[in-house]
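Both complexes shown next keep subunit A, but they swap its partner, so subunit B is in the first and subunit C is in the second.
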Partner chain A sequence: MSKPASLSLDQAPPITVPLRFFLTAPLFAITAALLLLWQGPDLFSSRWNPALLGATHLLTLGHMGLTMLGAIMQMLPVVASAPMRRPALAAALVHTLGTGGIVLLCTGLAFTLPLALKFALPILGSALLLFAALVVITLRRAMPHNMTARAMRLAALMLGATALLGLTLLSNHAFGWWLQSREALTNLHLTWGLLGWVGILVIGVSYQVVPMFLLTPPYPAKITRWLAALLFILLLALAPASHSPALRILLGSLLAAGFAVFALTTLRLQSQRRRKQPDVTLNFWRGGMISLLLAVALWLAARVIPALDMAQSYNPLLGVLMIVGFAMSVINGMLYKIVPFLVWFHLQSRRGPSGPKVPNVREILPESRARGQMWLHFAALGSLLAAIFLPASLTYPAALLFGASNLWLWLNVILASRTYRRINGLIIEASGHGAAAPQIMK
Partner chain B sequence: MTERTLDARWLEPPEPMELTLAAIDSLEPGEHLRLLIHRTPHMLFPILKEWGFNYRTHANDDGTHEILIWHKGQAAPGGDPGPS
Partner chain C sequence: MTTISNFLAPDHQRCDNLFAVAEAAAARGDWDNAATGFVHFQNAMLHHFAMEEEVMFPAFETRTGMTQGPTAMMRSEHRQMTDLLNQMAEAAARKDSDAFLGDAETLLIIMQQHNMKEEQMLYQMADQVLAGELEELIGRMRAMD
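Then we have the complex of A and B:
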């Protein structure tokens, strides 16, 4: 019998490992919406506005970060072709420290509380650096030709670097000491975070999930082999280039071209998919890629038209396009494939050949619920972009739509996890005396 | 040995797995399943082992795969697909 690389069920992480992250993440986006409601039209008045700093980190660390951490914990053993050591413990540690650290950081930033920031520093720092090290070390064992593993490793290095820069800036906020080049460091922090950690991770993961879940042709080998590494080198080169505007523009243009190639290739592959049926995740991906292309176009336009760069709306527009438009759309869309699949897979593998019937993925998370939330997400994105130009009339509706969208996402994840609990109870009952229980909650 | 064929090529995951597990659930003694699929179903294999089935995979030149599945304890079905 042939033995293709596969994990035994005992080696796959328990479902509680990713679910605890997925269940917490939308709460941070809801909190960001509440912060926007509380702050009102002034939120986008300056990129240094404390409430905006808090809201941004609620989204990047709380919503996007926690979801990506959970998804990586799930994917790591598969990508590395080896089980993770004590996944439940690692997940509990990273999740608890991460969640606590994010709450402290965002409270400290939004309400200017140095004491909260002093506590956030070691807690959040250890969570992020521990996680980055875990990914880099675990993926040492991955096959050299596994391009997703390679990109994931580069993304984790970028996470580590972003976290170190963030900790430096945080110590400045917490202790108030003088920090030279604070603006340059902030720019590098957000560029490495959004393009390095988030961007390279999305690119690497898409090599696997886009062909698999959306039934597209594979990404061209030239892209899978070179793109992530090239972007990583360009991003690293930005650090010494911070004092040379011309070099910065050159590196930025190459980065913009790299991300545009990725977005256009993804849209092309998705138009060539085998089954042309409507799909919520596909629409989320399309919205994400169009937002990425708009962000690239906006950045390039601002290089040509200096007035645009100086406009008050420029930074918020770029931020909303990259965070809500690109990253949150893709993450939200992928959750609708990952969560029902994991619930179904774990139940199916536990039930045995003659156990209770397991609902299919569409029953675990009905398409109509996902579709409704998707339209709310895109309505929120559109209204947030519009609110940058018409803050007085559109900030509150945008905040309400954004909060409602993430509340609905949270309820959808809860629905799937409740189905897991219910059917799992039936499986334990059917198996007699709860023989399956220790495996399930390990 | 009687053969049942399941064509799960280009179905969205986890539909191929759902159909395969439903098919082997009703596999009679002496029957085996020939699964046609567009990619290696890595996550199916541990479930097959857990459920008491043997399998044999064969990669076709067009990138698709054929997987023979039969009850453990039964003789392996002869003929294609050969071990890959």
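Then we have the complex of A and C:
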């Protein structure tokens, strides 16, 4: 019988592994806000606007992508029931290559610099494909009935496929050859990225964290067993269907139904939670689920009402709802559970039986700060949506709110990591001063 | 048939419920109910740990010869949770809601991950290796109070 692994410190990766991702990610969202301030209302003038492509990837890869990579690196050993090999090295490689590649990709796209894009191709490509391979290989050892592990594996495969399509599209920008099916490939790329990589990952993680943090009933077994795999197959089928509009609408409707079932189930479970007191993460998740439902409704409505599909506001609305409303809300909410707990957990395990007192999660990240940032985030979301209809008057306020929200998020993560460094310093000092010191520190 | 899984897993649920009651009272600032609720919760947790550490784990260790395996891990997590319970008891005595709720949040995460590992792994392994003596073991756990 193989020895089941533990969740102890010898299994958890060093705290720097996830933190380096969490500390960099908000900077990319702040940069996206600056890009919007600089471009102003013109940013949404066309979906092929270079600055818009740059801003989109500052958010999807820079903010969401890096945070998700960091969180997966942290969760992987637990989900796989086995430690990851050389986590610090893997994190350093993925983080350094990834960050560099994203900077190159986004500057190259936004300012039309083919040379930057030529460097971005191999650097970003190797970071993401290396990461996807790492996840799939590590999860080989996971228990077969662990549904989170299954969904995480499917999401990683989708990340790989999204990246390969993205690299193909990018080679078009970098080398200037004319890609024939650019629009169809872009649609497939963004659907796999947002619904496959982000959507399936959020679904898999929800199975674990929604019941755990809120003491809700578990997700129904029918959903946990089938939903992620079903969505994965539907998404794959979109590739050969790109030349048949009718089939595409059928697949799209089934996907919409799948995500609606997920969002509605999550909202229902959350309303049945046994932990009733206010919770910032819960609000972030509710906002995320409502945005997802609105995106589904908008997409379905546009299938029935062709004028909607043609409207200039349609694509930007869908994009803001999915990226800022759904993905960023959920991710932001998760950070407020993950970061304080990790700081506490690592300090607690290092302190020994009589080391200095470790602050609790609320002292590490005061609830009031998280709550304030949350309101700013939702104000930014609302004003971004409104700015699509009133670009002249609302684009700048929306960009400022969005930048301020992400700056505050960054400061909150910094605050927690400072506390880690301060207390860790005390722990090292206490252990250096022999047996008498710890008593004084208390 | 009663198994380790379906005897001990529902006890996790019972502890979760008691946790929610005590935490909600503390969040309302209702310290009378928080204090009694917390005592119920703490007793339920310690009782659960005792059933495992005095009956189920030793039987598992004897049968498998694994003393440094999963049970050692679970015991050390029990110590971690007991420390947090003690801190919460002190916070409840001081009516310090930030300390109480902060430790409650931390305890909940540890507790849920711990329960998941027991329910998805250890209890199922125990049900297999201890198949012949389930009735006797569960009887002994039932008799503890």
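Following the convention adopted for this analysis, the second predicted complex is superposed on the first by the 425 of 442 C-alpha atoms of A that agree within 3 Å, B and C clash if a C-alpha of one lies under 4 Å from a C-alpha of the other, contacts with A are read in each partner's own complex, and residues count from 1 in each chain.
Here, contacts are C-beta pairs under 8 Å (C-beta built on N, C-alpha and C of every residue); 3 or more make two chains touch, one makes a residue touch a chain.
This one's a predicted model, so the numbers in the text were calculated from it and none came from an experiment.
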First (subunit B), second (subunit C), both or neither touched by A:363: second
Partner chain(s) touched by A:352 [first = subunit B, second = subunit C, both, neither]: first
Partner chain in contact with A:146 - subunit B first, subunit C second, else both or neither: second
Which of subunit B and subunit C A:396 touches, first, second, both or neither: neither
Doubly contacted residues of subunit A, that is, touched by subunit B and again by subunit C: 1, 4, 6-8, 78, 212-213, 215, 274-275, 341, 344, 348, 360-361
Sites on subunit C touched by subunit A in the complex: 16-17, 19-20, 23-24, 27-28, 64, 66, 69-70, 73, 76-77, 80, 98-99, 101-103, 105-106, 108-109, 112-114, 116-117, 120-122, 125
Subunit B-facing residues of subunit A, complex: 1-2, 4-9, 12, 78, 212-213, 215, 274-275, 279, 341, 344-345, 348-349, 352-354, 360-361
Of all residues in subunit B, those that touch subunit A in their complex: 10, 12-14, 17-18, 21, 24-25, 39-40, 42-43, 45-47, 49-52, 54-57, 83-84
Sites on subunit A touched by subunit C in the complex: 1, 3-4, 6-8, 78, 81, 143, 145-146, 208, 211-213, 215, 274-277, 337, 341, 344, 348, 359-363
